[in-house]
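You will see subunit A twice below: alongside subunit B first, and alongside subunit C after that.
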Partner chain A sequence: MQELSDKLKAPLTDLLLSIADDKLMLGHGASDWTGLAPILEEDIAFSAISQEEIAHAAALYEVVGTMHGRSADAVAFGREPSAYRCAELTSLGDDFDWSRAIVRQLFCDHFDLLRFERLARSLLKSVAALSKRIGAEEATHVEHADVWLIRLGRGGDESKTRAQAALNALSGAAAMLFEPTDGVDVLEREGIYPAGEGSLFDRWQEDVGRVVAEAGLTLEVVPSPADAVGGRRGRHGESFTGLLDEMCEVYRVEPEAAW
Partner chain B sequence: MVTQERILEVLRTIDDPEMPISIVDLGIVERVGVERTVVGASVDIEILPTFVGCPALGMIENEVTEKVSDLDGVERVKVRFVFEPPWSVDRISDEGRQSLAALGVTVPQRCGDQPLVQVGVSVACPFCESTQTHMVSPFGPTRCRSIHYCEACRNSFEQMKRVGGA
Partner chain C sequence: MSAGVTSSEELRIDWKIQEDPDRMAAFQAHIDAKGLVEADDWMPHNYRVGMLRMAEHHANSEIVGALPEGEWITRAPSLRRKLALVAKVQDEVGHGQMLYRTSQDLGKSRDQMLRDLVTGKTRYHNVFNYPAPTWADVAMIQWLVDGAAILNQKSLAEGSYGPYVRTMKRINMEEAFHFKSGEDMVLTLMSGTKRQRQMAQEAFDRWWGPCLMFFGPPDRESTKTGPFMTWRIKTATNDTLREAYVDRFAPAARALGLNIHLARKNPDGLIAVKADGTPDKIEDPLIRLDESTGHWGFTQPDWDEFYRVIGGDGPCNKQRVALRRFSYEQGRWVRQAVMGCAGLPPSRN
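Presenting the complex of A and B:
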């Protein structure tokens, strides 16, 4: 990787971790559906998506690990809870309510696609190449979530009611996806994470809103106050610590073990 | 002293762990660098993953390292995974396309920058060549394949996903 000044290293670490941590949590949670998704093809699809979320996270942990001289595993599993940068939404359980699983995925997939679109234009060439490649895979996740929400919204009364309930239940947490990581403005100015037209929040609202409308459903996401502190700056709730403990249980037994 | 050609010959004998196609025919071998040192050749091999973090990468890395290390005069082998240029189905050789077709996996023709998966575009069936087919799911048995169904010969088949730009 090109040499990074210390001024950029910390903000870039935070940004990449925010994406990787989101994907690690989301992929881990979604993998609970393996064997239980509504139909066989969907079981394969949702399992493949979970696997891709973890694979994308692993590739980003590798980049962060290289920057800091640590292994990807150590970055993924060897941090204090307050050093994780994921948003709360990614660790919220779904109680095996398919609508909630799909809405959680819809919100996160659209946001990830926008983040990778920006990173694909990064002046850091290695990050740009990886992001371009991940973005191509992310687009298939977006397509998957879109198709499902529309199917649920246009289905019977029960599926419509449950899809709307899931949108309502997760809209609050969705707003906190957009909490900025520390120093992200510096990365934008330096062309590491170039801003595009319109804010990420506006673009996301437009993209997700279009799908929600096509599904015949409604969504209102109120932006979080600028000073609201959440997962992006290390303040996490119980859903996160519970999931992290579950995920790290084996790793913590013997962190240096070779598999 | 070992040559680049000799190393490529060895790489041609290594199949992708998930499909009967050599990693050279799959087009994932981007660069083979041979540097002569006093103790022997130092070999650097760059591989383009088909998908980010494809689970077969570790197996490919091990097999490449093992087989190339066995060559006379090779002192050191280093395998690196890179994403530039991005891998795409355009890199699969004609021979590779044929061995995949025999398995029931079709490979799209030149794809350039098209998206990974195109909904609503009929893919020709690898068994009967009919285009009366539809996609069952963009997510198949491995991360690089989608599932399709042929209405003419009533067979299920798969397609290598296109991989172009973002």
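Presenting the complex of A and C:
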């Protein structure tokens, strides 16, 4: 990787972790459906998505690990809860309600696609190249989530009611996806995370809103106040710590050992 | 119900059925000449039913077999293992999907098969009624259970029903991959810390017996053989496969530093503990290579346990069926939404 000044290293670490941690948690949640999804064909498709989320996270942990002289596994599993940068939405359980799983995925996939579009234009060549590759796979996740939301919205009364309930239930947490990581403004100025036209929030609302409308559903997401502190700055709720403990259960038995 | 749809009532073995003798003779000659039977070919009623039963049982086993390992996906101890485990369980679901398709073509709808599974009308492989209490069990399942499945499925790939045979070949390629990764996991544990080695040995103790039972009861007690061997629905006897398994795995386990024990189990499938707090197990005194036959000796597993577990009273029977049922019920509204019915699409459109 190109030499990074110390002033940029911490903000970049936070940004990359915010994406990787989101993806690890999201992939983890999606993998819970492996073997239990409503239709076998979809079980296979959703498992593939969960694997891609985890693989994307792994690739980003590798980058962060290299910056800090740690292994990707140590970065993924060996941090204090307050050092994780994921948004709460990614660790919210779905109670095996398929509409919740789909809405969680829809919100996060659209957001990830926008983040990778920006990172693909980064002046850091290696990050840009990786982001192009990940972004291309991300686009297929977006398509998958879009198709499902539309199916559910148009799939009759029960399905529509459930899909709407899931949108309502997750809309509050969606706003906190946009909580900025520390120092992100510096990264924008230096061309490491170049801003695009319009705010991320506006673009996301437009993209997701289009799909929601096509599904015959409604969504209202109220932006969080600028000073709201959440997962991006290490403040996590119980849904996250519970999930992290489960995820690290075996790893912590012998953190130094190979598994 | 429209005409032409076979109701499940008709899908029973019935040896009193008189098939056309000329057709039967031609059918048997085709099979004896190693010919394959295709879905649209004429076949005796009992061949169809026997094949359907086997493919359906196999399909059920794949999707129930996804459960004990699936429980560990969220706790896999490294990124690489986590990815590999999701992919592995995904493969098993894929095997289930392929095998349900094969079964559908033999005359039973997928929804009916899933309903029969979750209501306990049909069964799945007995080995999945045992618990996987630690990460090392995941390693043992992939090594020992997938190893057993490969042996069995290689013999089934020599069978006579074309669609099933082709599915077996495809599945076996993926199973070989699972087996490799299982072997790697066991090797990693056995070359790890004392605690990891102990985890591996304890998991091995739990799975060795169920794996010996994997191939079914001893031939003298097995009722399934007869016509199904002549029709090449089955191609090897239970005891032959079991012997081949021990010949392969007894030396491999010992080479890895694992001891083969006779262990007493609790009803929950865990190794019983003696009054002094140590596990109730001894080394199997018969485990050694018999130079004169070239085969490894072993003590037969506890066949009473086998019949008890297969009869429904195993450590995890209730839990496995309940989880499949939960999944079936949770998914009902989704299937209704996307397909307009709780059922599933026919395999051939």
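We adopt the following convention: the second predicted complex is superposed on the first by the 259 of 259 C-alpha atoms of A that agree within 3 Å, B and C clash if a C-alpha of one lies under 4 Å from a C-alpha of the other, contacts with A are read in each partner's own complex, and residues count from 1 in each chain.
Definition applied: a residue touches a chain if its C-beta (ideal position, glycine included) is under 8 Å from a C-beta of that chain, and two chains touch if they have at least 3 such contacts.
Owing to the predicted nature of the structure, the values given are computational and were not obtained by experimental measurement.
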item: Joint occupancy of subunit A by subunit B and subunit C, clash or fit; value: fit
item: Which superposed partner A:G156 touches (first subunit B, second subunit C, both, neither); value: second
item: Touching partner for A:S31 - first (subunit B), second (subunit C), both, neither; value: second
item: Dominant contact partner of subunit A by residue count, subunit C or subunit B; value: C
item: Contacts of A:E249 with subunit B and subunit C, given as first, second, both or neither; value: second
item: Which of subunit B and subunit C A:Y61 touches, first, second, both or neither; value: second
item: Which of subunit B and subunit C A:Q51 touches, first, second, both or neither; value: both
item: First, second, both or neither for A:E41, with subunit B first and subunit C second; value: both
item: Geometry of the superposed three-chain model: angle at subunit A (Cα centres of subunit B and subunit C, steps of 10 degrees); value: 60
item: Overlay on shared chain A, then closest C-alpha pair between subunit B and subunit C (Å); value: 6
item: Contact residues of subunit A, present in both the subunit B and the subunit C interface; value: 41, 44, 48, 51, 54-55, 58
item: Of subunit A, residues touching subunit C in the complex; value: 28, 31-32, 34-41, 43-44, 47-48, 50-51, 54-55, 57-58, 61, 72-73, 76-77, 96-98, 151-152, 155-156, 158-159, 162, 246-247, 249-251, 253-254, 257-259
item: Residue ranges of subunit B touching subunit A (in the complex, touch as defined); value: 51-55, 82-84, 86, 115-117, 119, 136-141, 143, 147, 161, 163-166
item: Of all residues in subunit C, those that touch subunit A in their complex; value: 63, 66-67, 70, 73-83, 86-87, 89-90, 92-94, 96-97, 100, 135, 185, 188-189, 192-193, 195-196, 323, 326-327, 330-338, 344
item: Footprint of subunit B on subunit A - complex, ascending; value: 41-42, 44-45, 48-49, 51-52, 54-56, 58-59, 116-117, 120, 125-126, 129-137, 139-140, 143-144
